[in-house]
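Right, I'll just put the structure down here and ask away after.
Letters A, B, C, D and E mark the chains as written, and numbering starts fresh at 1 in each.
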Amino acid sequence: EPVKIGVITTLSGGGAGLGIDMRDAFTLAMKQSGNKDVELVIEDDAQKPELAVQIAEKMIQGDKVDLMTGIIWSNLAMAVVPNTVAQDVIYLSPNAGPSALAGANCNPNYFNVAYQNDNFHEAMGQYANKDYKNAFILAPNYPAGKDALTGFKRYYKGALAGEIYTQVGQTDYAAEIAQIRASGADSVYFFLPGGMGIAFMKQYAQSGVGIPVTGPGFSFSQDVLPAIGDAAIGVKNSATWSKDLDNEANKKFVDAFKAEYKRLPSIYAAQSWDTANLILAALSKADVKDKDAFRAALKAADFKSVRGEFAFNNNNHPIQNVYIREVVKEDDGVLTNKIIATAFEHHKDAYAEKCAM
Amino acid sequence: MSRETTVNLLLALLLLGAPLVAAGMGEPFYVTLATRVVVLALAAVGLNLALGLGGLLSFGHAAFFGLGGYVAGILATHAFNAEPLFADIPGTTSMPLIWMTAVAVAGLVALPIGAISLRTSGVYFIMITLAFAQMIYYFAISWPAYGGEDGLSLSMRNAFPGVNTAKPLPYFLICYAALMGALLLFRIIEGSRFGSALQAARQNGTRLAAVGIAPFSIRLVAFAASAMITGFAGALYADLNRFVGPSMLSWHMSGELIVLIILGGKGRLFGPVAGAMIFVFFEYVLGGITERWQFFLGLILLGIVLFARGGLLGLLCGKPRHV
Amino acid sequence: MSEPVLEIHDLRKSFGALKATDGVSLELRPGQIHALIGPNGAGKSTLIHQIAGSLKADSGTIRFLGRDIGGLDMAARARLGLARSFQISSLAQEFSALRNVMLAVQARQGSSFRFFRQVTDDKTLTEPAMAMLERVGLATRAHVPAAELSHGERRQLEIAIALALSPRAFLFDEPMAGMGPEGSKRLTSFLDELRHQAPMLLVEHDMDAVFALADRVSVLVYGRIIASGTVDEIRSDPDVRRAYLGETA
Amino acid sequence: MSLLALKGLETFYGASQALFGVDLDVREGEVVALMGRNGMGKTTTINSILGLVRPRSGAITFAGKSIFGLRSHRIARLGLGLVPEGRRCFPNLTVMENLVATARGTEWTLEKVVALFPRLGERRDQYANTLSGGEQQMLAIGRALMTNPRLLILDEATEGLAPVIRQDIWSAIRTLKAAGQSILVVDKTLSELLPVADRCFVLEKGVTVFTGSPATLTPALQDRYLGI
Amino acid sequence: MFTTLLIEQLLNGLQLGVMLFLMAAGLTLIFGVMGLINLAHGSLYMIGAFACATVAAATGSFWIGLIASLAAAAGVGAIIEVAVIRRLYDRDHLDQVLATFALILILSEGARWLFGSFPLYLDIPPQLQGAVALPGGGQYQLYRLAIIGVGVVVAAGLYLLISRTRLGMRIRAGESDREMIGALGVDIGTLYTVVFALGAALAGLAGALVGALQSVQVGMGEPVLILAFVVIVIGGIGSIKGALVGAVIVGVVDTMGRFLLPSLLALTMPASQATTIGAALASMLIYVVMALILAFRPSGLFSAHS
């Protein structure tokens, strides 16, 4: 009997690009492994929490999947994960790591293969100490935005020239940019996912405010870089992965992805590739029906991560390096990132202590 | 028995029978899916009271749906964490208590919103109700206490005396009973003096006032009653998903409720039920077939508006006739 | 003479610079048909609107049954017993003729906040409503939706609704309009009887009807009453002839 | 030759039949009266001519061309001008806009219409929904005249007009007639209608039951068909 | 220092307002004047942006892209009108809601099918890059000034079209009584197709112009849709002047709210709380303003027919 993996991800609507990268990398990894005993059930959540819940129920009750993965967004994860793990189904997060699931509410059935939401921001906060004394920070006014700025401030030691929460879904940033210009800041850190980030970066560049910008890797990931264009060149951003990360697994991954899909992979693709390989590695060591054994096999994280060294902390969240990257234009005119520093080595998240596991 | 009554009866039986069969065959998911149909239909029955009978096109009913949901979520969370709600009022996990609170909260919020909104009419009414819903939506997104955008997840379904609500079928039956109760209420109200006045208010408010019935108070009561039913559905929805989030409050949700009604047949008793059945059915089936399911869902909806006047029930039973 | 049922004093209403009613005073006494005539745009409908409460007067008083009703809204005035018909028919279009009349019966009986008893089985509603339709000659059309009635039939339905309110005074705005010759004749004798039920303020351009019915006629021109008197006085008033009647009459 | 001719016209509203065979014709330069009790099908006949309701069978020709089933704007453009029952002025347009929005041809101009109805001139920038009933009626007539039709159709065009104005309208109709304008009139005031009409058609329950000159419409017939 | 910033923010608010007007302009025509509830307006906006981005990328010229956006949106608009909308004029508003909701699904997914799921690149044309000096020492981005200019021109053009031309009168007449305007000899069917296409083209124009400032992606039209409705309704349906005023009110209120509320609140509470609560209130602000305006003026500020 094959192992059934349920993949709920966003394949339609504005956020579809991320889900498609996720799915493509996942299916590619499975295909390349040659493992014939895995069956994937993939469905689109349209970025709606209620729909994601419905699909999860269907996968658990109807398809009787053994494992679940795929969700991109924190709010969808919050809707699906607690119920899923409560029904003793293992869920592996290929993206999104809300703090609510990392601390006291950690769960042995929940593995986060990506990051805890704060990680990227913490790294940029840490790195900012090197050059900047007076940062202006902004994020949307919702939990992930607040986590982001909290994460940044956790490591950043300089002064704040300003701190703004913008509207969710905002498309015009002229007012914020004016405030930045007037604030006397020496740098800007922003967390604005998806279209918000693209809009901000374009408008920031057009405004001619010269203050250096930094951000988390999501805003400069391969899926959005082409849309931002040259305005992104030189921007430093933090991430746990980059295309040029020098290890065997990563080279194989990037080449395979490029060959199959004729485009460069994004962070989401990388994380998803890792998720698939983690599952494959665990499957080769334990039977998925033997939950305890399988959880132990997952926790061992005995696979070749494209991110280099990778291990799970007590809360089943990664212990990994976080890098600083810079956006560059390659000779063929393609925008991409290049690693310029390591902000953290073997970084753990701040919530693990509260987890009783 | 009129054709419409027959069709209604068949729909009611189908909605009850299909999950029973599915449960018998060990397919609990279809029971859950049917519960979703039932709860969405209930929410739309609420809206149908305002929209179908009273002509009050509220584009803000998600506010009441979401409020009902948040009442369930908040009460249950407080009970679970054993934190009092205010002062020393505790939370609760008892469904009847939660429902009563949800209905009361929805009604109480609807009164001022209705009182202000009913000063306007037509498209202005659509937009002002939307405005109130958006306020609540943005508030929910950015207010951190109950999860903000991430929402609130319930660790388990709330309790109903003597029923194991964690099992899909008993929970379905609870929701089904609620829907049937609401439909009965709708039918009775529709034929009552109040219902007559409400329908007349839709057709011609000036006429109603000229015979001595003030349309405003009739509409306000209808709006509040409608919000209460929708709020009730929201509480059930929270328990169904064991999750509440701001998306329950969003304008998409309001729009979806309206779509359910039009799809089934506006102002008709079983319109929301038929609408919810086809909408959820297509959403589910198409979602399983293709990643482009929304495209085809759009085509199907378009086909229904263009070729089935008066929605599905209009197609099956012809034009509604007043006695 | 008995007390006036309706007493209007110095009523005014302007739309911008236009004075639609400009200090109108008049009285309606029991058993009386008081006709209000005047050129188009003189302010007759505006006056009816102000009395019925669908327009708020700028100043002046309206007393009905001895009570100042200036602060009441349209529905409250109707409940006190002021029934009006509309110059351009205003009906619940989807309801049948019968349901339209039932609505009035229900309003007269009191509260509409009754949620349970079904109106269609309620003989206290259907029977009086049917009787009213019979009186105006629409009984055979009782179950036809208002939207499907012909123009003249709708006008008749308006009257039936006003009747069903058993009001203390009628305000009729051109009830003859749209009635064929036969209908006008019938309606004229019908209104003649109706005066015993309640007095009536009658706005009408059909001079045959006005001269046949009115006990008193007031002539409104540019918002002012320029003449008021019996039919004969008005007919022979040269100002009225010039402003309104022309060479007829 | 007839300008307008109807033969055996049948029209339905949904399932219920309103016209069962209407025959009617209007010759060039003629004033024709269409009569009948309330609900007998006068308005339905007019609406069928203009394509506002779709007749089901029969024949309608205008100026020798069949207009049966054509879309109403095409019919109107052939030269039919309608003053509809219930006025139907465009409420969200001002008086002036109502008049000029659909104006065609040169004979009837804004000035001429205002000269006919000075009231409209006084109210030219007021929205039509705030006009008095009679003012709206004048507007509807003016609007139809300004399309300079070959056949003017008046459906209860004097309803709600003050006697003086009504006299003006009837004299305008006489003037128009003298100038060769063809007119089809529905009106309830026989005393004013019959003197100007060249011929009368009477409808009963959707069928033409009488055709003839006003003189032949004897009081007995009037009583029988119109209830007078 | 603060006053300069305040003035700049006021300008930003004004600019946002005009931008909103531009986004709402097509809807003003279709919804405000023709009286058709078109939820797919945002999709037409998206089509304009996609067409502009694609053609600009292929040809290297923003301007050709702009023309393409007009053509694409007008074309799609005309097709939609003939295939769908035309059957809905004599129906209830509700059927229009459902049909155009279905169109959103079709157009969004269709766009994703054609253009892929990743945001597209669209930048402001080189001729309009950079800033101009304002009298008094400040600077303002040229492109944004150009948008203000286009917005004002569109407003003036629409105003003249609607209220001064016979075409405009006929459109308005058609809204209140389609049958009657037909009976008076106007081919209202064709006229409405043209007007709908024009409204769609305006949506496409806005999509292209504003798209250069934003992310060009599927779903970009949705927030626009709601805002555009808000703007029109505040101003009063059918009134171009109202829509412009409404847009400026929304733009200024929103900008000033985002800018001032957190600092105002900081006077009474700890700074970190003030920023989040201020931001939360700011995001509700335009809806509060709208509810207030409608509560006191139930048919907007300048309703064309109240």
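In this text, contacts are C-beta pairs under 8 Å (C-beta built on N, C-alpha and C of every residue); 3 or more make two chains touch, one makes a residue touch a chain.
A quick map from chain label to UniProt name: B, E = Branched-chain amino acid ABC transporter permease; C, D = ABC transporter ATP-binding protein.
None of these values were measured; they are calculated from a predicted model.
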Out of curiosity, which chains are bumping into both chain C and chain D?
none
Treat touching chains as neighbours and tell me the shortest step distance from chain A to chain E.
1
With centres defined by CA atoms only, which chain is the most remote from chain B?
D
Measuring between Cα centroids, what's the chain most distant from chain C?
A
Which integer distance in Å separates the CA centroid of chain B from that of chain E?
31
Mind checking the centre-to-centre distance between chain D and chain E? Centres are C-alpha means, answer in whole Å.
44
Express in whole angstrom the distance between the two chain centres, defined as the mean CA positions of chain B and chain D.
50
Report, in whole Å, the distance between the mean C-alpha point of chain A and the mean C-alpha point of chain D.
74
So which stretches of chain B touch two or more other chains?
138, 141-142, 144, 292, 294
Going through chain E residue by residue, note those that touch at least 2 other chains and give them in order.
108-109, 276, 279-280, 283
Two or more other chains in contact with one residue: find those residues in chain D.
none
Name the touching chain pairs, would you?
A-B, A-E, B-C, B-E, C-D, D-E
Which of the residues in chain B end up touching chain C in this complex?
188-189, 191-197, 199-200, 203-204, 206-215, 218, 221, 321-323
Could you list, by residue number, the parts of chain B that touch chain E in their complex?
51, 57, 116-117, 119-121, 123-124, 127-128, 130-132, 134-135, 138-139, 141-144, 251, 255, 258-259, 261-263, 266, 292, 294-295, 297-302, 304-306, 309
Contacting residues of chain E [partner chain B, same complex]:
31, 37, 39, 84, 87-88, 91-95, 97-99, 101-106, 108-110, 113, 226, 229-230, 233, 237, 276, 279-280, 283-284, 287-288, 290-291, 294-295, 298-300
How about chain C: which of its residues touch chain D in the complex?
15, 37-42, 44-46, 87-88, 148-153, 156, 174, 177-185, 205, 207, 243-249
Considering only the defined contacts, which chain D positions touch chain E in the complex?
50-52, 71-74, 76-77, 81-82, 84, 88, 90-93, 97-98, 100-102, 104, 127, 129, 143-144, 147
